[in-house]
Structure formats: C-alpha cells, structure tokens
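Just so it is clear, A, B, C and D label the chains in written order, and each chain counts residues from 1 on its own.
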Amino acid sequence: MATVKTKRERIKFASDNVAGACPEVLDAVLKANDGDSTPYGNDQISAELQKKFSELFEKDVIVFPTASGTAANALALATMTPSYGNIYCHKLSHINTDECGAPEFYTGGGKLVTLNGINGKITPEELDQSITGKGIVHHTQPASVSITQVCETGEVYQLDEIKKISEITHKHNLNMHMDGARFANALTALNCTPAEMTWKSGIDVLSFGATKNGCIAAEAIIFFNKDLVGNIAFLMKRAGHLLSKMRFVSAQLDAYISNDVWLRNARHANKMGKKLSEGLAKHNSIKLAYPTEANEVFAKFPRNMIEHLNSEGYKMNEDELDGQAVRLVAAWNTQESDVDQLLETLKKSN
Amino acid sequence: MATVKTKRERIKFASDNVAGACPEVLDAVLKANDGDSTPYGNDQISAELQKKFSELFEKDVIVFPTASGTAANALALATMTPSYGNIYCHKLSHINTDECGAPEFYTGGGKLVTLNGINGKITPEELDQSITGKGIVHHTQPASVSITQVCETGEVYQLDEIKKISEITHKHNLNMHMDGARFANALTALNCTPAEMTWKSGIDVLSFGATKNGCIAAEAIIFFNKDLVGNIAFLMKRAGHLLSKMRFVSAQLDAYISNDVWLRNARHANKMGKKLSEGLAKHNSIKLAYPTEANEVFAKFPRNMIEHLNSEGYKMNEDELDGQAVRLVAAWNTQESDVDQLLETLKKSN
Amino acid sequence: MATVKTKRERIKFASDNVAGACPEVLDAVLKANDGDSTPYGNDQISAELQKKFSELFEKDVIVFPTASGTAANALALATMTPSYGNIYCHKLSHINTDECGAPEFYTGGGKLVTLNGINGKITPEELDQSITGKGIVHHTQPASVSITQVCETGEVYQLDEIKKISEITHKHNLNMHMDGARFANALTALNCTPAEMTWKSGIDVLSFGATKNGCIAAEAIIFFNKDLVGNIAFLMKRAGHLLSKMRFVSAQLDAYISNDVWLRNARHANKMGKKLSEGLAKHNSIKLAYPTEANEVFAKFPRNMIEHLNSEGYKMNEDELDGQAVRLVAAWNTQESDVDQLLETLKKSN
Amino acid sequence: MATVKTKRERIKFASDNVAGACPEVLDAVLKANDGDSTPYGNDQISAELQKKFSELFEKDVIVFPTASGTAANALALATMTPSYGNIYCHKLSHINTDECGAPEFYTGGGKLVTLNGINGKITPEELDQSITGKGIVHHTQPASVSITQVCETGEVYQLDEIKKISEITHKHNLNMHMDGARFANALTALNCTPAEMTWKSGIDVLSFGATKNGCIAAEAIIFFNKDLVGNIAFLMKRAGHLLSKMRFVSAQLDAYISNDVWLRNARHANKMGKKLSEGLAKHNSIKLAYPTEANEVFAKFPRNMIEHLNSEGYKMNEDELDGQAVRLVAAWNTQESDVDQLLETLKKSN
C-alpha cells in the first residue's frame, strides 16, 4: 500500500507545533554547541540578534529571546499593563483561552477585557466603546490592547485593520501588542514587510513566534517602542525565562530569520493550508467555518466523518471554538501527500 | 606555542554553564526531531521519562521536565509553600541570591528565611531554632526547607547531614526541597545512589539539574512525595514553562540519564575541579576558601594574580560571596590542558 | 420655603453609603470603647458574634468581621478560587466593575468570566454552558460562582433562582459565593429567612453587608461551608484587614443584627425606594429601566430633567450601566420628605 | 480594697492597642455621623485633612487615610518597591515579623533584607554594606529602606541617626520609609517637630500611626516625596482599603491631630512607661533589656514572677524577641494606679 499509516504521521494537522525543526535551525543549534560561551544571553549570537532583527524590521529594536510563546506574550503584556490594568483582546484570543491565565500571572492580576469582534478579529468600534473608566479609582484601568496575527479563526488582520485598531489604542493612550505566534504565516499571506505589519501599523511590542514555523523552542519579544522595555529583564529572570545557555535559543532565531528560511517555511505551510481548504470545500457535506487566509483551516464536518478520520488515526477533535468547527493546521513540513492522504481518507468515510 | 589563547577558551572556569551539550544529548535532540510528535509533553519520549526516572530513583516518582533551573526551583517551592509561607534556606543559597526573587514570584509573595549555617551548609540546630510562629496569624508560616547540592561554597552535604535536616523539617511538618543544580557532581562525589541522596534521606521534591552537566536546557522537577504535586501542571503552563515541543527537553534528559552519561560527565568535571584545586593549593599566595568536594573551587588570590589572569582573557572576577574568594568551575568538557593552561598562566603573574 | 436646600441633603439618593450610622450602631461603638480589650478579634464581642450569627442563620457558621465590603468579597472568593481559577459572575457585577480588580489581587491573578445574564441576573443556562475546560492545563480552571443580592440592576434573586444557579455550580464542583452588600434589603424584599436566602439555597460563603444599611464600616464573611475557610485568617492579616481594635467592627455588627435593627433599616429603605419609584413612574417622560424590587431605582430621564436636578444640587449623573439609566438609592435614613422633595424638584424641570 | 481586679484591667500593658479611643476622637466620630456625606474619601473632612497635615508637617504633603497600620506600611512600601525589589529593614521590624508578609503581598513578591542592627535599630554602616547587586539581573534589586519609630525594642531613633540612614538610602537612590506606628510617642520623646523627625531627616513616606495612641482605627500614609504617590489610589481600592464611609476614619485623624490631643496622649503614655520602667528597675531580680525611651518597657523577669503576674490575670507572656525579655506597654489611658498595681503585684511574687 502506498500510504503507510503510522501513528506518527496521523497527528499531522492537529497543530503546526507537532512538527520538528527545519534543517537550518538544527544546524545552527549544532554549530552553537561548538566551544564555550558566555551564559545568560551575553554571548555573541545573542548580541548580534539585536542588529539582525533591527535590519529585518527596518528600525532599531530591542529583542529578548525566549523559549516559550506563552511567556513572550505574558512578559510583553506585563511591560504595558499594571496589576490593576485592562488588556483588551478578542474573546477567542490565545492569551484569554489557552495560556492558563499567564497574562494575569505576569501582570500580577490584570484583567482581560474580552471583545466579541467579527469572527476572530476585534473591531475598532467595539474597542473604542469598551475603553472606559480611565482615572476612576473604582475601575480597573485601560492599559493595553492585544491582537493575534494570524488570529484564532485563521484569518489575517489586514494592514488597515491593524492601523485602525492601533489608532484607537493610542488615542486612549494605551499600548499595542501583537501576538505573532504565526507571524510569518500572516506576513507571507499579506505579502508585506515586517515593518509594515508591525510598527508602521502602530504595534508597540511584538511576540515574534518561530517555534511553530520551524524552530525547536524559540520566540522573541520585540520592542518597537523602547520606552516600554522597563523592567522586563528582571521579570524574565525572576520567571525563569532567562536561560543560562541562551545562545541555543538565539541560534535558532538567527538561522530562522536568515536566508528567508522563515518565509519559505511559512509560504509552504500556507500553500498546504490552501490546498487542504480547497480540497475540503469540494465536499458537499463539509463547510468552511472561516476563510482560509494562512495555514489554518476551520471546517464543519458531519460527525461520522470526524469519527472516521479519528478511527484512521487522526486527531480531529471538535474544536472548542464554537462546538462545531474543527481546526486543521498545515506546517512547514506538511507534504502534498499528507493533504492528499487526508482528503483520500475523507472520501472513504461515507 | 601549544596553547592557542582564543577569547572563547578563556571563559572556561567562569561557570559550568559556559559549556555546550555533550554528544549524546545533541544526538538525542536530532533524533527527537525525526517526525511529528504530540505537543505539550504528551509525546512518547516524555511519557517514558516517568518510568526511567522511577527506575533511576528506585521509587515511583512524578517528573516534570523544564528548560530552566530557576523555574524548576521556584515551581517546586510553590507546591510546598503558600503565599504567606516561609522557605528556610542558606543565606548564600542560589534561590536567595541569584534568581531575582523567583521563589517569591511563584509562591505569590513567600518569605525566604535565611540561615547563616556553617560555610555554605545549613545546620539542623539553627534550622530547628528558626522554625517558630506556627499557627499565629501575625507571622508568616513555616512551610518548606531548601538545601542546595552541591551547595554554594562547593561543598557537598553528606547523607547524614541531609537526613538530620530532613528530620527537623518533618518534625515541624514542613516539606523538604533539594536544589540539585549540580546533582550529578554531588552524587559522584558521595559515591552513593540517587535514592540515597534524596528520598531515602528525606527529600520530598528535587530540582534535578542537567543543563550545567552536559545538556542544552533541561531540568526536571521530581516528586518523591506525590501528595505535593498539587497544581504544578497549571502553574507551569501559566508561567510559560510547558513548552509546546517539550519532547526536545525530554529527549535531553533521556539521553543524559542513559548509559551513565550524566555520571561520566560529572566524574570528569569533579576530577578536573580536584586537579585545579590541588594545583592552586601549591601556590603559597593562594588560599582555598572552602574544601573542593565537587567541581567548584573557591580560592583567594592576591589581587595582582586576578588582574593578570583577566588580562590574559580569563573572567576571574572576585566573587561576591565574601568579597574575597574567587569561584572557578570545571565542566564536563574541561580538558586537562585547560587546567594546566590556567595554572601556567598563574605562574607568570609574579 | 419649607424645603431648605443645603448641599448636604442633595447627595441623598446618590447611594446608600452617603448615610451615616444608625443610633443603635453608634451606641454600640461607644459602649465597646469602655475599658480595655484584647486586640485582633480576640475580644468578647467578636467571640460572641460567632454564636449570634449562627443563631441568625440557623446553622453553625464561621464569621470573619471586616471593615470593607470589597475586602469581604475578595477574601471570600480567594478561599474558593486558585490563582488560575475562573470566577463566574455577571458582567455588571460589582466585583467585576467596581472593585478595581480586588478579586484578581486576592486570588493572585484569577479570571472573572463575565456572563450577560438577563438584566442584572445570571441565568443557570448560560452559567452551565460557560463552565468548560476543567482539568485541561491550557485553560484557567472553573472554580467559583458569585451572585450579588440585591443585584446590580436593583432586582432581587428569587429563592428558586438562587437554588438553580447553586445546583449548576455544585454540579460542576464549583463553590458558590453571594455578594450580600445589600443583603438585608433583599431579605426583606423576599420576606424569607437568612437561612433560606443562603445555605438552604446553596450558598457556600456570604459577604454580609452592613455598612450601607446603618453601620460605619462593618461587613462579615460568613462560611456556611466550613471546609472553605482554609487560610483566610492569614490572608486577612496579610492584607491588613485584621484590625487591632477589631472589637469596634464586631460591636457594629452585633448591634446591627440585634433587635431587628437591620431589618427595620432595610424595610424602611425599600419602602422609600418604592415610594420614589412610584413617584417617578407617574411622569410620562421618565421610564423605569428595571423593576424596583428593593431600595435601588433605575430610571431613564430626559436630559433636561437630569440637568435641572443637578442644578438643584443633586448628583444625578447618568449611570454607566448602559449609558442611559440613572440610579437612585434610598437609605435607612431617607425621609419621606426627601422623596417628596426630589419629586417636587422634578416637576419644576419642565 | 481599692484596686478591683477585673479581667479587663489586667490586659493592660499587653499592648497599647488594648486601649479604646480617647474622648475627642469618639466625639469626632459622632459628629461626623451627622448628615449625609460623599463616600470614598470625597467628603469635606477628608479633603481638609490634606491641609491640616500639610500644616502639621510644615510641607505640602499628600495624605491617604486608612484603617489599618499593616495596610499603611505595605501600601507605602509598594509605592517604592517593585515586585523584584529589596526592602531593607531590621530583623525585628514589625513589617518583617508581625504582618504575615503584608509587604510581600502588596509589592507582588518583594524581598525583606533583614539587618541585625544594634538592639532594635539599623545602622548606616550595615545598611551601606548590604545594598549590593544593583542593575544585575540575577539579583533582587535594592529599592527601599524602612525604619520603625519607636523601634521594636522600645528605643527611639535620634534625629542624626535617621539622617545618616537616609543619607545612605538616598546615596544608593533608594527610598526611605518610616513605620510610625508609635510616631507620637517617639516625637514627644525627642521633643522635636514632626517635620524634623521626617522629611527634614530624609523620610520620603511615613506610616502615621494613630490607632494605638487614642483612635479606633485610623492611620495615614503621608507622602513627603510626591513623586512616589504613583498608583497608590488604585492599590488601596483594589485591596479594599478605600472605605466607602471614609469620613469616619478622617474624622478620627482630624480630632487626633487637633488641639495637641495626640501629643498629650503620647506624653502621658511615655510618662507611664517611664514610671513603670523605674519601678521595675528597683527590683534586683528584674533587668531592663533595653533603655525605656518611650512607652514600651522590655525587661527580663525571673520565671516565677511571670507566673505570678499571669496567675493574677496579667498577660505577661515571654516575648519572642529573644526568648527572654517581656514587653510591657503603657497606653494613653494607663493610670498611675495601673502601674502601681502591677508593681505591687510583683512584690507579692516572692
């Protein structure tokens, strides 16, 4: 039989974090291992990251590498949100639903004010109306706004959408955070520059995700607004996120943003997502829940199809998003044959 | 000349965390990268760690891998210390002096009650006298005791010392934590079993260090007392220490404890530490500050010697311990020639 | 003219906390001042409160007096909610909108999951659907439910409504809190016993409000479920809510619940609220926003009326509830003439 | 017999917080109850406190009244100490030993660095040597210094001692807090002005205690350095320390600092302390542990004396300070006959 069904292959599409690291990133880790190195980020590779990210973003930025996306988000938000502060975000946002309260932990008890938005995106109008109570001691205080790019329904914020949200944010003197867990997927979908998708659109601090798109464990907190850096170095250390052999995280990031590795990986994942989406759309009984704009596909399946897929080893659990849509995610290492195989398996479910 | 002096080599002895990972650990990382894998520690490698550590410790333990030693300590302590709790520790302990208040952060405001001890070790008598105020609402409440093995002066707690401290700890119904950042170095120094140095001596929870002794970024929180596990899984996630591609941390630990890799590394580091210590002791003007029992050497140098070493590229800063002793640490990859080179350089300082 | 308009009188109806204390409570404070007394709640008056509240609630309860309603709520919730826990409450609830994040502070970063409800009350159905994610490490964990009685729109939860919410709460193994800031007003509105409105309807812990209804600064945290008491004594002390001369708080509570003082005060306030509500309803241009069930009246006024009232010294600011309804609150000391005066003033606004 | 021994009288000397409020303070509370008043400190009495305290301290100060001394201390320290900050204080200080970790709670996990001092006072030299590690990310960061006046051994910091400590504090760019739980007792002992004992000696923020010296529950946080006020208003609200009927706290403070009531009370308490101290010193078998400089007496008694006193109804428990000295405290309402009675009782213990 052509398609060998090992258990391992079948977790494909469950998420893009099921994939390992791409060759360039692994090579960089091996190379970083050569010789001794100053610990705690005071090494040569980490030092050069500052310059490389500054070039990438066409702006003098400050970068803090970290091994965890949840930590990147929470630390970033903690620099812009006091313990009694409000973080405005979409109700489906990862920081609200999937980080076990990390922003609350790192801010010392901040409040996530959740917006309904349209699909997975927040709207400037709802945001504007929600920012109230400033200066009144009885109310938690408006402090920051966070959007996710790619957002939690697989859609991508357009540049003008980001700009409008940033304008509202800054109009109220709040700060603007982007959770870029799938930054590269969004960037290649929009076909714009990193600068355009971030500080040129009003982003103050970015969680730059790399793990899902070809790294082992590597993210970066990137400050476009340097005034916000504040005490993050102490918070990172205090939280155990200043790794002693930090060079290994930095080396991953270095390789990731060099030679367009990250863009290549993301373009491929998006392409596989599109292929999968189009394949699913051909089924009469399957309905796409949201437009597929990057590497995530949300679709509603008849129950028997889900059961069949799972019986074949897939992990197509119904998503909790709305009790109906199932999420399938293509990764940098998803093969055309993986997509074909899933679509083939689907056919047999009837 | 045989010894080429690059800047890189000269940071040797600054700490054991300047070393990279040993070949077996790197190989395991590469191997773990092969194929997709369930995220967040629900992979095969992570699952098997439970069994392997249980065999290693001759007891059914519960293991939480993490990339950070500071996080391992703070998370472990948070399972045994309420926000109003006291953690008794040596005044020089890493948790008190070098983690920027991580235990305070993770416990939600716990208090480190510092003991003077003798050299770097706490004594049962001082501990016993310090545990007061239980049940009185005005006082922070005695909760846990933490010792470091190898301790902060390079000395190793003997088994009977650990037992006596544990007895006092348990007599007061507190819990006992060991910061085993250099667990393997202590173990091989004592030439005992992992079980003997931990639960058989009364340790309830262990921070099992692996990073310094040949890993990239890998530690494990090991519960001998399962009742203490509590909510650590939620705390880890909430703090950003549940990595999505956790298998890469687990793979390091797996390789590290397999085939005596960890013991081999530690024995070598200790041997190099001893060689260095003996070499230093031969100098009339150098005085060992503490006995060298594992891989750390503390010595008092004349100022001109320190200056000479530093001018030659070493990083022999005076330690803050007491304003006098300098710490030199041998690692798993320290060469005999590294030691010879340093001793040779010293000779030329006169 | 009969009605003398001093500035002082005109803040009437802004809230019931503009009123001072009733004579019985003041007398008790004076009496408590006679002689020395053991501090920190170890006095005779405080000790007897346990028995008196147990009699009042027909159950052996545990009582913690406190001077602050916000503290009472937050401390109560902290006994039933871990740092990563969810507190389910109405979006308009005082704990969500008017305590500057006190529950988040006291729980160490808990999350308030806000429900839309119907008017100011949460519904069992919405609550049931919102309690998800239990045991999944990525999600903050369902922990407790809080309802306000009288609720934030002036409506009173009926006994069967409380029971149904409690059933859902306990079905999911969560705990049930009642913010009883206007407990007496609700109780007299329902004409039931304290037991019926609390533990007999499934309440586990109650914030028993007394300040608004005739005390200076006196609230009580009342545990019907003693298993939840936990560490509250340490949390109270740690937060500065264990007053040294606690007897003065206890004395207020003692007088308040003795001789039906509290019920008399509440009945009168409710009666004045009803009178005011009926008076307003007679105006064609005024519309009651919610039914007046206790001492709070919510009504929508034409803007010119509000402006006229304010020009006459009232503080009839538009409420933030929905941008339209204005809240007027009758207190234990509101006079019939106060109501008449306001209605009279209204007439002149045309 | 003239001296009637009720249980109540015998708790005298256990602390000065066993006393009730003085007549002027009670009258002020009664008077404040007259009529309605804007809540949450927006009342006339609270507003005028700003001016009155500014006059008292000969400087434009900002005042926050609160009902709790522990809260006053912790809130004050939270304005000058980040979560990763060090608070330097005497090992016996109330904030370290008797507030169940309130400073740690309010700062979000700050560290109290305890100094040995001489008797109960910290010394500039030890403080200077202890302030280390600034700017190094591994260390908790020096932030603030706190001294207690009267200190925990009953001694009073002299003006030049305060100045020298403040100089060290400010030399390191830290901020200076005074826990003035017994501010008036110290002030009258030194016979200086409030300005001299505070900002003229370098104090930035003061916890101004009034409860022990004749109030019901009233303290004030006083900012001499206005830059430090920061977010304290939000922290107070969030912690439940912004009482709705705040006017009753303000009224106490108002009466307390008017017409020298506070000075009269303190002078009397000190006088009674001195009388007691002199009486005890006449016993061969009793040894004063520290000089009696205000209203607190620390003395070492033979065990049989303590037992005799306790059998007569006193609460002369051995103090935890050092396992030997017993603390006796005179209050504003201590009578000469109370002192005589205790001394008389002592005589009979042989």
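In this section, a residue touches a chain if its C-beta (ideal position, glycine included) is under 8 Å from a C-beta of that chain, and two chains touch if they have at least 3 such contacts.
Everything quoted here is computed from the prediction, not taken from an experiment.
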| item | value |
| --- | --- |
| Touching both subunit A and subunit D (chains) | B, C |
| Higher-contact pair (C-beta pairs counted), A-C versus C-D | C-D |
| Most distant chain from subunit D by Cα centroid | A |
| Interchain centroid distance [CA atoms averaged], subunit A/subunit C, Å | 42 |
| Distance from the mean Cα position of subunit D to that of subunit C, given in whole angstrom | 34 |
| Where subunit B touches two or more other chains at once, by residue number | 83-84, 99-101, 105, 108, 137-138, 234, 237-238, 242 |
| Complex interface listing, subunit D residues touching subunit A | 40, 82-84, 108, 137-138, 141, 231, 233-238, 242 |
| Partner subunit D, residues of subunit B touching it in the complex | 83-84, 97-101, 104-105, 107-112, 114, 132-133, 137-140, 320 |
| Sites on subunit A touched by subunit B in the complex | 8-9, 11-12, 14-15, 17-21, 26, 29-30, 32-39, 66-72, 74-75, 99-102, 105, 211-212, 216-217, 234, 237-245, 248-249, 331, 333 |
